Amino acid sequence: MTGNGAIELIAVSKYYGSTIAVKSIDLKIPAGAYCCLIGPSGCGKTTTLRMIAGHEVISEGDLLIGQRNVTELPPVKRGTAMMFQNYALFPHMTCAENVAFGLRMQGVSPAERAERATEMLARVHMEKFADRKPDQLSGGQQQRIALARALITQPEVLLLDEPLSALDPFLRARMRDELRRLQQDLGITFVHVTHAQDEALALSDMVVVMEDGVIRQQGSPEEIFNRPRSRFIANFMGGQNIFKGRVTRADATATIIERGPDQFVLPVHGDAKTGEDLEFTIRTDLIGLAQEIPAGAEQCQIPVEITTVEYLGLWVRIVATTIDGKDITLMKTESEFRRAPVRRKEKFIAYWEPEHAHVLA
Amino acid sequence: MTGNGAIELIAVSKYYGSTIAVKSIDLKIPAGAYCCLIGPSGCGKTTTLRMIAGHEVISEGDLLIGQRNVTELPPVKRGTAMMFQNYALFPHMTCAENVAFGLRMQGVSPAERAERATEMLARVHMEKFADRKPDQLSGGQQQRIALARALITQPEVLLLDEPLSALDPFLRARMRDELRRLQQDLGITFVHVTHAQDEALALSDMVVVMEDGVIRQQGSPEEIFNRPRSRFIANFMGGQNIFKGRVTRADATATIIERGPDQFVLPVHGDAKTGEDLEFTIRTDLIGLAQEIPAGAEQCQIPVEITTVEYLGLWVRIVATTIDGKDITLMKTESEFRRAPVRRKEKFIAYWEPEHAHVLA
Amino acid sequence: MAVTREKRPTAFYFLAAFFALFVLFLYGPMLTIFILSFQGPNGGLTFPMNGFSFHWFVNLFEQQAVGDFGGSFLRSLKLGLIVMVVTVVVSFMAGLAFRRRFRGDTVVFYLAIASLIVPSILISLGIGLLFNIFQLQPQWYSSALGAHLTWTFPFGLLIMFAVFNRFDPSFEEAARDLGASNWQTVRHVVLPMVAPSLIGVAMFSFTLSYDEFARTLMTAGSLNTLPLEIYGMTTNVTTPVLYALGTLTTVFSFVVIGLAFGAVVLLRRRKA
Amino acid sequence: AQNIKNVTLRQFGTGVSNINAVADKVKEDLGFTLQMTALDSDAVAQRAVTQPNSFDIADIEYWICKKVFPAGTLQPMDTNKIKNYDKISPLFISGKLTPDSKIAQGTAPHKVGFVEGPDSTDFASAPTQWMTLIPTIYNADTLGIRPDLIGRPITSWAELLNPEFKGKASILNIPSIGIMDAAMVSEAMGEITYGDKGNMTKDEIDQTIALMIKAKQDGQFRAFWKSFDESVNLMSSGEVVIQSMWSPAVAAVRSKGIECKYQPLKEGYRAWGGGIGLAKHLSGLELEAAYEYINWYLSGWVGAYLNRQGYYSAAPETAKKFMTEDEWGYWMEGKEAQGDIVSPEGKVMEKAGAVRDGGSYEERMGHVACWNSVMDENKHMVRKWNEFIAA
Amino acid sequence: MSASNSKRGSYFLITPMALVFAIFLVIPLLTIVVVSFWDYDEYRILPDFILENYSYLLGTSVTWKIYLNTFKYAALTWAFTLGIGFTVAYFLAFHVRSLTWQIVLFMVCTIPFWTSNIIRMISWIPFLGRNGLLNQALMGAGVIHEPLEFLLFSDFAVVLADVHLYTLFMVVPIFNSMMRIDRSLIEAARDNGASAWATLRHVILPLSKPGIAIGSIFVITVVMGDFITVRLMSGGQSASVGLQISNEIGLLQYPAAAASAVVLLITVLLIVTALLRLVDIRKEL
């Protein structure tokens, strides 16, 4: 289990007839990393994963796994293993048989097969269910069998396609913990496709955001969440309010943009040019509400009226509308909210600290 | 649109052969309320909703809608309308025809039908899609057509079975806003079945938690979330850590319980008796971490070691383990966390304020 | 209270009555066969009854004055089994092929549909003519087999379509992921999973072949299959032995289906 | 022939004479295997022409022979190898039962009974050494009636279209044969006079069919029959009280205890005959076995068997040896039965005292008005017949 | 695993079926077309190119009569099998609640089909005959005094036997379609105030269309090509296209039969094409 699990995609494309599912993407995933692919439906996540797995022919480009060019190799020769979204457990086999299937295909003797399958089942705490058929298991149990089956061939890379989407929220959180623990124990590379932002943030060392068959941004979860590179990513990852305005001043000390009657001061941004449009974001939890314009916030405030107050347990979600009809979302912890409750129709000044504004590239 | 939408279930039961799906439940939903039924899979939510709708015969008990006993009436005579989980749009009819179906059944003339259907489509912003077939629409669009179809007969009560579960998170949030707005506009009673806690909390005036065919707790979202009545509800609604101990002192000034070497002081609780076991919960966001036992927190602290730190964007989820192996979950806002970051394997004192402890009945 | 509320709609009773009539309609004429198969030794094919006996059941197993009952039965059985095996194998293969688009797939599909709708007698005529023109000898195991296959393949293929439309390809991918070759994937994963449907195809194709008349008419060659023999008997045999055959096959199928159903129920109960 | 026992000969024909009992007896007497396939008459003709390799011996009717033999699928037989050639009824040699009989219309067997040479397919006008079919079985057909349901004597073919029997009459639906019955009826009714019923002109055909169509549209017919048993069933179930019928079919109805009469008519009978022919491909040992079979066929056992069913044997003299005197008297001489008459299967067919309808062999075969035939205008006739059926 | 490889696999897999269709369907049908232009005499078919077969076939009023008659049978049989089949399927799909009962009742309907078609057909004869069970029962009950003649050897008998033989072929696909109708659609209709009848009319019927189309294709093609039923049940008195072809075959008039066959084939294809417009079979399975 050395560095054989590094994955490198070089200008990889996938065409289905005339539609392009994946457009010449480049991606390096270090060995032992937990990488999440995320993006809206149809953006090419599954296609990318399946090309790595070898279940989809790569139309153009090269795929390296652990320095070897595996572009043309069959799945089993790539050192990858895949866990399918619906687990794809063979319904006519018991759990033990499912897990042992890979060994059986390798021609391992029944005795050894049984032994190793039992070991693997024990690892996922499913040894008691060895003789059950998959349809007699709950979703979470099935998932563990699917994991065991994928791991028995000792892959360098585990590929997971929306492994948690079929589970209820509790089980999802638990399985998330288990996945992370397993990955840390095994030290192999995980590539995980998901459409849930929290999952991607919670699990990964590296998040890859895709759109329309192209990688839009890749980086650590914090980077992606706090410093989205585009409006799309900000929207998609959530937790951000996006503002747009025209640059009125851009120099080494400040960037100032104008939006209707308001002026906002932004952190210094090299690329900004006077007269251009610029977008910036402010995290929903970093906006405050006040009756009066707080001192020093003259250029990072905007008057609003509260339109929705939504209780979410630990959070309260507040939607406030500006005079020109733009909705701003604010998240307050329940404690904060209790300290300073607001109600529908009330008017406030929404404000933030200049350094919390993030300019979209 | 007066108070005709009040719903009252009196000792309603449902048997399927020998299995009991719903056990003699009593429930009053005031007219114009937004009520969410929530509970684990198979607890009888759908059955209850369908009994109200008239799609399932009530085995025992009575159902009153707007003071009328409608137990034996067919769906259309109850003044209810239902929106189905998969929307159940007629695939062979256009959107306009789907929406107009109820009017057609009432024998309304084609011209008037078309007009009213167009109006209703406009209300859900779907007038442009009037001539499409349902399979040419996205999930969210289908949902709006389903809503329009349910509303066209001007029901007093709208029944919704997991209306948002098929949507992706963004669309879910948007549809949530629309549902709430619609309900406020129409002023009719909504009964909404869901298995998502956040949905129930966000939408409803009244949450009803079911388990095993029985209502376990009903009340406002805050009540249910902050003051769960049982371990089951606390677990189910989430956001709580549950502790269990033996009462060592219970009088008018304090309740103190013992758990291993630790002693915890709880708010005064009338029912507590010395020597008995008692459970209490503390919200995950109300637990602090400190190096030393903070002053005054001698009897509401516990030493822990951090085992998981999970970045969730606005939140960081921390799992800490006590000496005897119990996991405690803490939620810190990202800002809080950044101010005082913790790492795996670090040891802390977890503490809380005595009044934040909530004793389970 | 619980009971009275679970009322069935009135329509149910009308429909149930209709259904009962339909069943009566299906079985009514069989009933006449059933009765007439107990004709006395001198009885004829029609009423009135001429005594009561098991004569014709006994006679069924004896040599007939005309024709070769046992031989044609065995032939039909053999032909049915061959058709069954070939149909299962070929439909399964074709089903697999149709999961991917390939050039000519629509052609084969429409051929199958055509094969289904071309009146049987035309197939019979065409194959008969073909063999005639090329001076080939029609045989039950060549021309008749071919004629039957054109009848069973469309059904087999359509059933396979229905099966594979619902078959999740990720099962095969999972197998391949675990190192199974194409053949192993089919053998260990696909085949066991679609086996119940294949049994359906098998039963269906056997029944179709076993009972096929028009397509065999000009293609059977010198030896008759059972339906041809029965048809020949309707023109050549004056005795209720035919009815005895009908009665016996019906009773037989009742027993087979009853046993199969019982077995399924038993299995399910044991599982539960 | 030392290994003749290994030979298997495949014979096919209609159910009338393709009887398993014959095959059993062959096995017993000659030692080789005869495989029998029974078909309806259409299928017989079809197979004889289209599947020449599917059989060794064809058991076909003479009128079919007229169609089949020219197709070249059969080989003629050398009369020198046929031991009982001289015992064959003169009907099949000269066409005259007795030297002074009149030759009947239609495809009389002798007209297609011989060809010019061993490789010829042209029928000879006089007997030669090369015979197309060895006659096996023949009979004279007339109307069968249910006397119990009719209750008055019937004497003419014309009665078939008598409105009295509206919805209770039937006719044979094999065009070549049915047209003959129709012609007998038309002639008897005085509607049409024919040059040769066995070879009608287009005009005669059209007139005949027109008459039949009219009858059909007036609801004269209950059903048409195509095979022996259909006629039996129609008659015994009482669906039909008068129809053209074959003699053994009448016997079959009677054996069920139902009154049925094979009614001799003043216009005479319509006759038919069958024979066995050898497939072209037969040679060597198989051919030898086939000749042995033919000789055996004419040697009497089969003749007696067929006689007992109510048909006639081709070589009556040889058959006589295999029948009791009482049987011979009843079946062939028109005498009153002394004891019960039993069928070959041992079933009582007639009680003692019965007399055969139509009388003796000479009485019947001497009054043949016409033989089943194929006409020159066959194609036209068949088309018209189809019109009749579709009308 | 390359694309061309998997394509080759598909071709390998489809070859046996394609071959059988080619040899036993396409070539024979082509043969029929070719032979339909040949000449024939009493016992032979003569290679030639003549249009006489067609000109006679299309020129004679018999053909039109026969087609009319065949259409009559097809239409009546179709109407009855559809009516009965739909009702039975509806009962099984929507009024029988447990799967076990559905299977049992289905089996009850299927079992007669294991008995030879011909035997099932001729079993009507003693039932419907002049002295048959039915007439005797009716006369015994005093309902009628004269036996009803139209029961047997009539169009009635033909259609009756056809309906008896083929209704199940209507039931199965319609039942299949109905079972695939989402039950919540029915409830949605009820919720909108539709009566049981309106639900049937506006929801179930339109959604059963694929099944109806498939069943109709089956019944119509079978009846259009049928000849045994017509022959046995009409007592040989009626004609159908199939019977005509079979007669011609019997009389060795193969070219005439082939010409009839070509015309029949075209007719059936036209009907089926029309029906297929209503439903995409490949998708509906």
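The chains carry the letters A, B, C, D and E, assigned in the order they are written, with residues numbered from 1 in each.
We adopt the following convention: a residue touches a chain if its C-beta (ideal position, glycine included) is under 8 Å from a C-beta of that chain, and two chains touch if they have at least 3 such contacts.
For clarity, every value in this text was computed on a predicted model and none was experimentally measured.
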item: Intersection of contact partners for subunit A and subunit E; value: B, C
item: More contacts between chains, C-E or C-D; value: C-E
item: Interchain centroid distance [CA atoms averaged], subunit C/subunit E, Å; value: 16
item: Whole-Å gap separating subunit B and subunit E, where each centre is the average of the chain's CA atoms; value: 56
item: Touching two or more other chains - residue numbers and ranges from subunit C; value: 45-47, 128, 132, 218, 234
item: Where subunit E touches two or more other chains, by residue; value: 125-126, 129, 131-132, 249
item: Residue numbers of subunit A (touch at least two other chains); value: 54, 74-75
item: Residue numbers on subunit B that touch subunit A, as the complex places them; value: 41, 168-170, 176-177, 180, 195-198, 201-202, 221-222, 225, 235, 237-239, 283-286, 308, 310-315, 317, 319, 331, 333-335
item: Residues of subunit E defined as touching subunit C within the complex; value: 6-7, 9-14, 16-18, 20-21, 23-29, 31-32, 35, 45, 84, 87-88, 90-92, 95, 100, 103-105, 107-120, 122-127, 129, 131-133, 136, 164, 167, 196, 217-218, 221-222, 224-228, 232, 242, 245-246, 249, 254, 257-258, 261, 264-265, 268-269, 272, 281-282, 285
item: Residue ranges of subunit D touching subunit E (in the complex, touch as defined); value: 42-43, 45-46, 49-50, 66-68, 70-71, 167, 170, 173, 175, 216, 221-226, 233-234, 237-239, 374, 378-379, 382-383, 386-387, 389-391
item: Subunit E - residues contacting subunit D, complex; value: 41-44, 56, 60, 62, 65-66, 69, 125-126, 129-132, 149, 152-153, 231, 234-239, 244, 247, 249-253
item: Complex contacts: residues of subunit D adjacent to subunit C; value: 10, 12, 14-15, 18-21, 24, 36-40, 46-47, 50-51, 53-55, 226-230, 232-233, 236-237, 252, 255-257, 345, 347
